[in-house]
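As structure tokens, the structure follows; a few thoughts come after it.
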């Protein structure tokens, strides 16, 4: 992915974290982590950001369960999830394709999705690959469902889906995605072809705005510094020699 | 009380068919002990990853030591899927008990507290409930009805196995903020620990180290294993051997490559030769 | 994030009628803050002792600040019964919600985990079940029937209040191995902490102090209170003032004596004069 | 209580801890603590002893819940409980006398008894005062019951009751105490008069043996040292100036 596209994704995700109190980011998630740091820079220290598995950038001292306990306490306002497959109902599958248990192609597993998707108010789905293979009509395995029947305890759920081509917002009442913006250089037709599920859409969707010069300076400056420390390989690719470890 | 053993004898405390709990990749992974288990030709292990795992689980699975994997995820992180894990699940060579991170933590806490189950929010509507018939949905007895919640049975490993930076001469083990290992040890019947070194003194005597210490009461046996987490890192002490891990990911993509990896780095105990039995107390 | 306040303003964050969790007598008791609460004339507090308490609870009860005490025990230890507590229970001046130590710990852990209840073994056949209609016996849904077990509702204090040896400039608080306070803070909506001192630096930056540190995320406000546990001790820092505690036990045996004690040691804020607001970050 | 009687109680309790793996002692319990230390001296380091609220003599690092979690895990073989009242069915009352909640005389509360009495295999009841006021036919409030119906999870329960006058063993099958020995200088008639409940008894119960010279040397030596450190006031009274803090 080009550095420009990477910066665009960081910027658009950061916009979704504005005004929140606390954001947590899973392990090996450099773009969401950069977005959270960017939101914090812009917010003058808010949201507070916890990046898992990042040593100095983690503030957890109660072991691996603390993230989930915090989420259950209502102390995490936003989190990020991906998916081997994501369907039009925002159901996510992190387990693999084909029948369970003997998958056609087995992926790592559901991680904390089957819990966090229910209790974190703003879950942002992030999957760069936007193809009929990843965005499907119906997932083969529901690691975590996009919506729940009335009565099921569910203070949280999906907020948006960001891909390499566009931004979808999730409409919980309708249980469907709505195209919010197309990234520069991508068309609605292209997105329709690349998306395995049906979604709502205005006739003329806006274009995802490119990051401002100010944002780019933050990304190249303090955010790049954090990235170089926690994700040196990613930072080297993204920011080049200036930030290589 | 805590016994001091050689690495091989420590591994020998794990029996075929045991429910064996292992830490996540970011947390004190006992790689030297895992290689010793492979060398001993362990069979039919029921692996529990707390809550996920990486190369340690992949190695045991690839070597045929494992019958069942209970996990929230097995992956090589930045290096992609765990190839032997994925292949074994796809072929049905191992049985998979899919879980989710907080469920594994909560089920261990149930065993830690001596209760038969723990409730957990979320989960309802996930296909995990379909593949985990041991998880049960009840109507919350403390609500007025219409509040479904999942009960998870307690998970009590036969053995918890991990690697720590150091222990003291009494068998108290320093774990710092890695409290998932504390819970693992509380929950398990036996806890086996490898350490970089055994230090004189008593970690419980001073309040600062005591806060990060697992008391010897829970530690069945200890072995010294220098660089015992290699090729993974040990936070604050040594970095992961990234080149080696990338080699592993490449080789383990095929059965033949995995066999070659094992021949080069596992089968011969010399690769863990720095490992010596520590003096008994 | 964590606010830095004067002792009196910290106490002012507790509102009448709040569910207020306090530590046991052996663990970082916020006596200076308790005196500040008495001076502010708090009313109708629902005290939760985690799991038991001593002079802190007795003082608040004697001063008329408390409507309900939820506790496994209130006592002055070697000095005998807690006289104001016993008198208030006998006269009906406070409502008593009798509990047992592990039930209080488990109910706080339920709140910590965001679950509506926690199971606990034991209890069946105890009259506690008779006086705690909020505790419910169910038949273990994971057994084959005939296995009764108690469910305890989650206990989520409005405020957790304790005194710690030190915090850092970011509001991270060092608690050492006193993890009942960590659980209290995780479970409570707000956590107010007094400390002997605020130190420069970041307790989370080094793994050794980090293991015993409550992250600032949970700490709503901090105040400096030198000798803030007095007349109780602070383990490893100062000893209990045994003569003063014996005086308290003697005086508090009567209402008049208690009033005299308060006039001498509580009513006048000068007794906590060493307490100064700490500089805000 | 005389130093001789104190030493006798320490010795008789220590005998009940022989061969066990792990013993825990509650706060402010100098005689049980001394007994546990004595058993450990005699056993060459076994049982392992945890004394609560004693700083250096505690080995708990998981907060106040660890004692109860350990007990639930089966890692505590013996513990001590007392009682404002103890009845003939080994029911114990730590709450007070008279009706609940407005007791005639309110005592501290049930502490951990309502749990530990169920899960610790060998619970030793210890109450020096042996009178119709403390040993009653039926307790006013059951903090924890002596026995449980079939089906109730109960790996633990009462093993014995040691008072200032005698030793009772508890017969779980019969749900009754049986007099095991009378302390030197006390008679069966006296014990019957002082006991509010009916108990089983041989016609000629043995006398509790006095501590051996070897035991007395241990009590005055290493055990006294531990006592002086953890319970200085008790040690000063019991052992006199030689061990005063």
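We call the chains A, B, C and D, going by the order they appear; numbering starts again at 1 in every chain.
Just so we're on the same page, a contact is a pair of C-beta atoms (placed from the backbone, for glycine too) under 8 Å apart; a residue touches a chain by one contact, two chains touch by 3 or more.
No experiment lies behind these values; they were computed from the predicted model shown.
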For subunit C versus subunit D, what separation do you get between their C-alpha means, in angstrom? 29
State, to the nearest whole Å, the distance from the C-alpha centre of subunit A to the C-alpha centre of subunit C. 40
For subunit B and subunit C, what's the span in angstrom between their mean Cα positions? 36
Two or more other chains touching the same residue: where does that happen in subunit C? 106, 109, 113-115, 120-121, 147, 149, 177, 182, 210-212, 235
Taking each residue of subunit D in turn, which ones touch at least two of the other chains? 60-62, 68, 72, 119
Which category does the touching pattern between chains fall into here: line, ring, star, complete, or other? other
Each pair of chains that touches is included here, namely A-B, A-C, B-C, B-D, C-D
Subunit C-facing residues of subunit B, complex: 106, 109, 113-121, 134, 136, 138, 140-143, 147, 149, 151, 153, 175-177, 207-212, 235-236
Note which residues of subunit B are touching subunit A in the complex, please. 24, 26-27, 50-52, 71-75, 77-78, 81-82, 85-86, 89-92, 95-96, 98-103, 105-106, 109, 120-128, 131, 146-149, 177-183, 235
Would you mind writing out the residues of subunit A in touch with subunit B in their complex? 27-28, 53, 55, 60-66, 68, 72, 94-96, 100-119, 141-145, 148-149, 151-153, 233
Within the complex, which stretch of subunit B touches subunit D? 1, 111-115, 172, 182, 186-187, 204-205, 210-218
Help me check something: in the complex, which residues belonging to subunit A touch subunit C? 22, 45, 48, 56, 59-62, 68-75, 119
